[in-house]
Each structure stands twice: as structure tokens, then as C-alpha cells.
Amino acid sequence: MKERVDMTILSVKEIALDTMEMTLHHPYIAAAAKPGQFLYVLAEGHTLRRPISIASIDSEQETVTILFKIIGDGTRCLARLKPGMTLDTVGPSGNGFALQETSLQTALLIGGGIGVPPLYGLAHALHEQGVNVKTILGFQSKAHVFYKERFERIGQTYVVTDDGSLGHHGLVTDIVDEAGEFDYYFSCGPVPMLKAVTHQLQDQPGSISLEERMGCGTGACLACMIRDDSASGYKKICSDGPVFGANGVIL
Amino acid sequence: MTNLAVDLPGLRLKNPVMPASGCFGFGREYSDFYDLNKLGAVIMKAATGEARLGNATPRVAETASGMLNAIGLQNPGVEQIIASEVSFLEGYHVPVVANVAGSTIQEYVTVAEAFNKTPSVSALELNISCPNVKEGGIQFGSDPDMAAKVTEHVKAVSHLPVYVKLSPNTSDIVAMAKAVEQAGADGLSMINTLTGMQIHLASQKPTLANKTGGLSGQAIKPVAIRMIYAVKPHISIPIIGMGGIAEAEDVLEFMLAGASAVAVGTANFTNPYTCPEMINRLPGVLQQYGYESVQDAIGRGHNE
Amino acid sequence: MTNLAVDLPGLRLKNPVMPASGCFGFGREYSDFYDLNKLGAVIMKAATGEARLGNATPRVAETASGMLNAIGLQNPGVEQIIASEVSFLEGYHVPVVANVAGSTIQEYVTVAEAFNKTPSVSALELNISCPNVKEGGIQFGSDPDMAAKVTEHVKAVSHLPVYVKLSPNTSDIVAMAKAVEQAGADGLSMINTLTGMQIHLASQKPTLANKTGGLSGQAIKPVAIRMIYAVKPHISIPIIGMGGIAEAEDVLEFMLAGASAVAVGTANFTNPYTCPEMINRLPGVLQQYGYESVQDAIGRGHNE
Amino acid sequence: MKERVDMTILSVKEIALDTMEMTLHHPYIAAAAKPGQFLYVLAEGHTLRRPISIASIDSEQETVTILFKIIGDGTRCLARLKPGMTLDTVGPSGNGFALQETSLQTALLIGGGIGVPPLYGLAHALHEQGVNVKTILGFQSKAHVFYKERFERIGQTYVVTDDGSLGHHGLVTDIVDEAGEFDYYFSCGPVPMLKAVTHQLQDQPGSISLEERMGCGTGACLACMIRDDSASGYKKICSDGPVFGANGVIL
């Protein structure tokens, strides 16, 4: 069950170009959070909260870590926060990746840009379950790359960049064949990437995590709907998602 | 003891604070955060005759002290709402207000009739001011004659009190208010959203897929206060005030302007506990400014 | 090199940024902060036929991301303005736009005639949208026929180009725009303030002595953008955009919506250096979003 | 000439009920400021600046001190600022008390509530010029009283409170006769008090400092006008004032 809490900021640092890592302390959130869920955080002076994925969870330290890219006013404001201050958060929000249901051997994770963070917590959790994790990470350029070494510690990791400044020059989809066999895939990133990925892997089971502009972040306002084939014709990303079966929604 | 109760046509409110239509769904989600029994009433999301899927996304954008929305009246249709949503709200001791929308007068009438057959609905709010649909909605709300006509037709089939929700996108709000009172409205809801737009610089396009959207939140409070203050002396039916309410102080400001009760929309998004926190603070704020009851404050900003 | 220049009827602007009428006096005070030659043009405070003392104080109030004002067209009268204020502005190399107000069509004509005899005035801005005076002002601005009539009369005596300043307090801004274009307007200024009110809790009275005031500042930007975007495809005269502009990014947003130049009001109060800082940042912002000139960006938010 | 500067906050403390004292460092402001002028300060997230009088000036330390009462959102926001942060200020604004023109022996200062601060800097300056300074200070209650001892160090000081919890129970005007002879008076406080004072002392020369809600704070917007008998019929408090001859404006 999500709650509104003030999380204590333990650290804030820039880990790649315009990309911040923030570690937050809160016993309840750290205990309840699952990979793929998000925090719905308030940047002071703003009307709408910002959804930011939980990138990793440390239940012993009672912390969660988020990674975010500075793209506008809200994230700029978050980046200015200092350790010791608090962050007004509604969380853990949404439904995370379904881990227990998948008794899998090898998982392929495909992340693009700021879609990478939720995959890190997932990779970690899968790895702990003994799953063989392979990851393809796409970034704009070398300067934007983060968490490469961390993923490498978990399993085979491919990096691609739009400009070729690090790893393969091109798109994540270029690498999928090279990455070889897997039982299940997980993907998170911009919609064009997700479209390409789900198209390429249409015959494989997988999950994707979606983004949309949100109002309430809790399922009440219908701002964040995505069409599907169900009777109602839609799902709500904030409360039914953000994780969906790869072929369960109409991108 | 400060008395928060207000009696309005069809609505015995234990306090004057209710969530605004469309910002609270049918209550289910917020019932995870707090006990809905704390609320004065619940105003449900708009209902239309058939299910609607609404507009394409993005449907919301943030603006300075406000937001734009273009949900487009997405809802599962009146029958489904009665079957699964009103029944959920029956579990609480709060009056339920049904927000009624449509593309034609007939659709308004059909929806109104359905809610009239639902004992747990206490009042109707006629949404003639939705700026986010191509047909109906604001069309009815920008012309006093049309507004009067839809009010009359709904009143003709409704034993439930009818609150007509006015649009601020007009040069003469007093004329609109008088026209719907004349047509039989039991109360007014003011204000719906102002039509607005944001252009996303990187994509060179409006941020919202629907291009325009409704502006709500604290940014519009001065417009709401002014319209309620302007209308109040010209009508004798009560006003449910809304538009940018975020604090208990705002509730009092709306009361002074002439509202008898208030609805809270956008502020629920900023803080899901806005309504109960506001209700808790309201007695203290009333006392601070010398009022013993909510009733006492209504319209007091008009004293010379 | 990013080209900031824009050519409008009567106005060769080296950049598209000018202070908005009423928020900059006649330039004197801000000339203490920076060289007025940096500006695209200066739009002067409204002029009426005779000196006016305006409304009682308080005349301003702060609102969420905005403010209310009810100055009430205080000014020393057109002759005095020409004698002591225009002459001061003649010392700078910036086009001067005269904002023309009145209670009667005859007063508008008188003021317009006086400015037409003043060589250093480059254009007129017809203020038919001031919400803070009892007579004239917004009366002319809320009815398309009246707006057309005052435009025609002023055009008949004016060799200077006439920009008509529209009020957002209308349900049909497109009709207003078309009416004044038809009547001969050379350009539009959009938008003036939205009518609003604030009630002061402690005194139980409206904060402003005039009760209502004009809402300006960032809060109203979405309304301005939407109105400019709505009007643009229906007219062929240029638009000077305004309403909540505070950053160079806002200038671009107004251009994309369809404005050819912009005016900055309230933001001067928050930061007296707003205009020159915005002008300095504008080339960088245009480049960031792929534009080589201001001209390039105008109306580009309308592309599908 | 006023400028827009970022002043460094050296200290912030509560010196009476809801009343804050803030010391700010800035070489230019400290050099240019005169008693009676104000700083036009920006509280973050606000559209309009707040006028706050300069209460004292320390030209050696290059600081000025302001005193303000928390009455609304803006002053609440200012009160939360911490030493080391900066305050965006336009100043020194307005015209201060005319010191040089008055070759006086004895001055009477009459201050009410948050009208007291500008009188402190004035008292100090007059005292340094060798003027005999007598002061009458009015406050709501004992809890609101501040700077009593400081004024006492400068000259004879009378305190009155609305509720009698300290000093005389009543109004500042009750004490004026008791205070005895003076050549010139200076007064600052709420308009009803100023009306009473100027009425009582209508035959005496004096100066008053006025308050009004401001827009531009610089003379351009005409928000803050006050009627007078001049040809134009008005003065602007922000730029012609806030100090005016006691009988020069129409209260």
C-alpha cells in the first residue's frame, strides 16, 4: 500500500551528464518497494508530482536509490536538494516487475536512457534468484552512460550509443540477436524504442515499463491511460502499470 | 465548537469540503489514503450515456501554479458507474453527487434519469462546461439560452436537486447564472476550468494531444473568487465554489465570496491528503478570523 | 548569428521584446537599471484625453504565480505625456508605441490624433480591454461590434498603424479578432488581464479598493497561448503576444503559438532586468531549438 | 542609485513574537543606504517583491539589518532563510529621512509595531549628529516588543502597549504631551496611527514614513500612490517616499 511520507535525503550526486543519483532513507518505503515501482515525488512549488522509478533498494540500510535525468524545472529542482533535507513522496507507487511468476533461466533486459534505472533493481533481484541476466543499455552518448560497471558485475552487458562514442554505434535492437537466447525479456525506455523492441520480439514473452504524463499518480484522474484489448479498452499506467505484458497494451 | 455543517438542496453536509468532479475518480483510489467518511460529500467523475475512451495522451501538462487537462470525459458509462462505482460509495456515509455530461440534451436527460433511479445519489451536477470534448460540454455552457435549455430538460425528469456547473470562459458570468437559476437550477457549481494551452518547445507542438485543455489549480483562484462574488448578489440559490482551493484559508475565502460549500480538484494531486487536512484545519481558521460556523461566513465578503 | 529582428507595421524591431503597457511607466524608472536601447520597443502606459488619478489604493495584490492590479488608467493626460514623456523616450533609438484609452469613442479619437501629430510615436495600441475603469475599457472589448467601431474611428484619423489590444474575458476571442481586423486593425495585442479578485480574510473585504482587478503574470500564460493559437489561423495581421512572459523560453513559446513579437509586463516587477536578460538569452534559446531567426519560429507550433 | 544585488545573509533570529532580525552583507548596499530607505526583496516563488525598511547600517562591517514581522507567505518564506544563503534585493529603494536639512536640538520619534525598525537607524544617525532623541514606541503586547533597550541607550524611551502588558496601556498619542518639547518629529506605523499623530501634531514640523502595497517598487506602475496637493495630485510612495513631510500628503 502506498503512503505519503517525507523521505530523508542521504546523498545526491551527478553520475553522468545531467543524470543524478539520489539515495533516500525511509523504513516503510524501503520495506515495501519492489523493482519497477516508482516514487511520486514533489518538487517544491510544483502542482504535479514527478514519477521517478526506484532504481535499487537496500532493505538493511532502509534506503532506496533513484536516478533521474535533469530535463526540466521539476528535475532541476530535485537536483538542487541537499543531504539532510526531505523529499515529499507518495510511494511505493504502481506495480513492479512480476518476479515470482517467472521461473526463468536467462533474462534479457533492454533499457534506453532514463529507462535504465528500474532495470537495475530488477537485474539485481533476478541475479539473486539465480537468473542469468543479460543487459542491453542504450544511451545518447558516452557522457550519458551510467551504471555500466554495475550491470557488468551482474551479467553480460552490451552498451550502445546513438553517436557511437561508447560501445556499439546504433540502436538497442541491433544487439538483440547477438545477445543470444533468453526465456523472458524486460524493457524500459522511450516509446519508439519500446515499439521497436516489442515488434522485434513479438514472439517472445516479456514485460515493458511505460511512461506517461501523470496527474494524480494513483488511478483516479485517467491522465495516464494506455489502450489495450480488454473490455474497458484501457489500462492506467500509474496504477495498473507502469509494468505491462509486452503484448498486453497497444503502443 | 465551530460548526462546519451546511445544508444545501439534497445535501446535508457535515463539512463543506468535497472532492471536485474528475479529480477523485469514484473515490476508490483515495480510500486507500484515508477514510472517505471524513469528506462533506463526494462528487463523482462525469458520466455519459455510453462508455467513452476520451482523448489521446498526453492528457495533462503542468503550468505555473496550475495544470492543464484534456481527459475528454473518459468514463465507463452511466449504467456501469451505477453498478460498480455508486455501489462502492454506498459503503460510506457521505452524500454522493453525480456529475452529468453529454453531447446532446437527450444524453444529459438519459444520464440524469438513470441517476434519479439510484437511491444513493443525492444530487446531480450538470457539467455544461467541459472544454475538452468536441460536442456538448462547453457549447452548452457558453450560451445562456442553451444552458437554460439543458437545465430545464434535466429538471423536468429529475426529482434530485440539480447543480449547474458553469464555465469561466464567458464574458458575462452573471447572465449565465441568472439564466440557469431561471431555468430551475437548485444550485450552481463554479467554476470549471479556463481553456488554455501549452506549447512544448522541443516538439513544436501543443503538449496535450487535444491541443487545448482546461486550466485548473491555484492559478485560477482569483478568477473563481471574482465570478462567485459577481454572481452571488444576483441569485438566491447556493453556490458550490471551486477553482484553486488548496488550503483551509482558501475555503474561507470562497465562503466570504459567496460559496456555501467548496470542491477541491487539482490540490488532491499535489497532496492526496489535501481534503482531510483542510477539514481538520478549517475550525481553527474559522476561529482565527472570528467565525463560529461555516454558515456564518457565507457571503460575508460582501459587507461594506 | 541568430537574427532577432522583426518587421511589423510601423515597427522595425531589432528584437521582439518590449515592456508591456502599464508595467514600465514611460521608461524613466527602468532607465536607471539599464540602457533602454536594448529593448525592441517601448509600449507606454495608457494615455487618456485628460489627466486621471485612477482608483483608490490598495491597487495591487499578489496571487499564485501572478498578481491583480486595478490602477484605473491613472495618467497625466495625452498632452502632458507627449510634452514630458515621449520627449524623454526620444533620447533613445527605440520605437515608441502609445497605448490609447478612453471612456468614449471620441476620447480614443482625440488621444489617437494627438499621438499622430507626434513624430517619435511609431504605432498605437488601442486599449479596449482595461478591466479597471467604470466606463470604456473593457466595455469596448467584450463586444465585437463595439470593438470594431472604436477601431474604425481611430483608423479614420490615424496614419500610424493601430494594434488593437484584446481582452481574454470573452467566450469567443476569434470573433473579436476577426471583427477588429475587418475594421482595419494593423495588428493585435493579446492578451490584456483576466478579471479576478482576492478577498482579504482579516478585513473580510476584497484586497483591492476597486474590488476586482486584472490578473496578470505566469498564471495566465496558458490562456494567452491558447488565445493566440486560436486566433492566428483566422487573421493575416501580426500579433504582439503577452501574458505571463518571464523567460526567453516563454518568448519562443509565444512565437510558436503565432505571435510576431512579445510584451513583458508583470515579470519586470519580479526582476527589473527581465527584459534585457531575456533578450540576451534569446539567441541561445532559439539555437537550442533549431531556429536561426525569430522570424523562423513564428507560428511554427501550428505545423502538424 | 538602487541596484539589484544578491545580499549574503549573516544571521536570522527571532527577536520578539513573530518578529525576525536579519543581518545582510553587501558592500554597495551598506555604503549607499540611508535610514528610512527600504530593501525590495524577493521571497522565492513569489511574483511581487516585499518592501522591508533598513533598520540599521554598519558601514564598517558592510552590513545592513532588517527587522520584519511574519504576517503572510512572503515574510514566512524570508524567516526560513539561513545564514550563508543570499537574498535577492533591489535597493537601497526610496528616499530616506532628510537628516542634513534639519539642524535640530531635540527630535521626537513615534513608531508603531513594524513601523519601529526604520526609526532605529534614524535614532542612531540623529544621535551621532548630537541630536537629543526621545522615542515613543507602540506595540500590541509585551511579547511583540523589540529594541526597547537599544532605543533606551540612545535617549528617553516610552513604551506603550495595546493591552498594557508592558509600559503604558493605550496609544502612542497618549504619551506625546508627556514627552515634552521637541523641534521636529518623525513617525512610522499603521495609517490610523499616522493619522492620529499628524492630527495631534498638526502645528509641528515632522516627517512620516508610509506603507502601501507595491507592484514595481520603482515608480513605474503607480500601484503605491498617495494623494497630495501638488499639481499632479499625487506622490508615489516607493520612489517619492516612503518618507514625506507630515502635512505633505493626504492620509
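What to note about this one:
As written, the chain order gives the labels A, B, C and D, with residue 1 at the start of each chain.
Quick note on the criterion: a residue touches a chain if its C-beta (ideal position, glycine included) is under 8 Å from a C-beta of that chain, and two chains touch if they have at least 3 such contacts.
For clarity, every value in this text was computed on a predicted model and none was experimentally measured.
If you take chain A and chain B together, no chain is in touch with both.
Here the chain-to-chain distance from chain A to chain C, counted in touching steps, is 2.
Each chain gets one centre point, the mean of its Cα atoms, and the points for chain C and chain D are 36 Å apart. With each centre defined as the average position of its C-alpha atoms, the distance from chain A to chain D rounds to 55 Å.
Note: centroid distance chain B to chain D, computed from Cα atoms, is 46 Å.
Separating the centre of chain B from that of chain C, both taken as means of CA atoms, is a distance of 34 Å.
Shared contact sites, meaning residues of chain C that touch two or more other chains, fall at 63, 65-66, 217-218. Chain A has no residue in contact with two or more other chains. Of all residues in chain B, those touching chain A in their complex are 22-25, 28-30, 32-33, 45, 51, 53-54, 57-63, 65-67, 69, 71, 74, 76, 207, 217-218, 266, 268-273. Looking at the complex, you find that chain A touches chain B at residues 1-4, 42, 46-49, 74, 90, 212-227, 232-234, 239. Chain C makes touch with chain B in their complex at residues 63-66, 68, 142, 169-172, 194-199, 201-202, 204-206, 211-212, 215, 217-223, 225-226, 229-230, 244, 249, 252-253, 256-257, 289, 300-301, 303.
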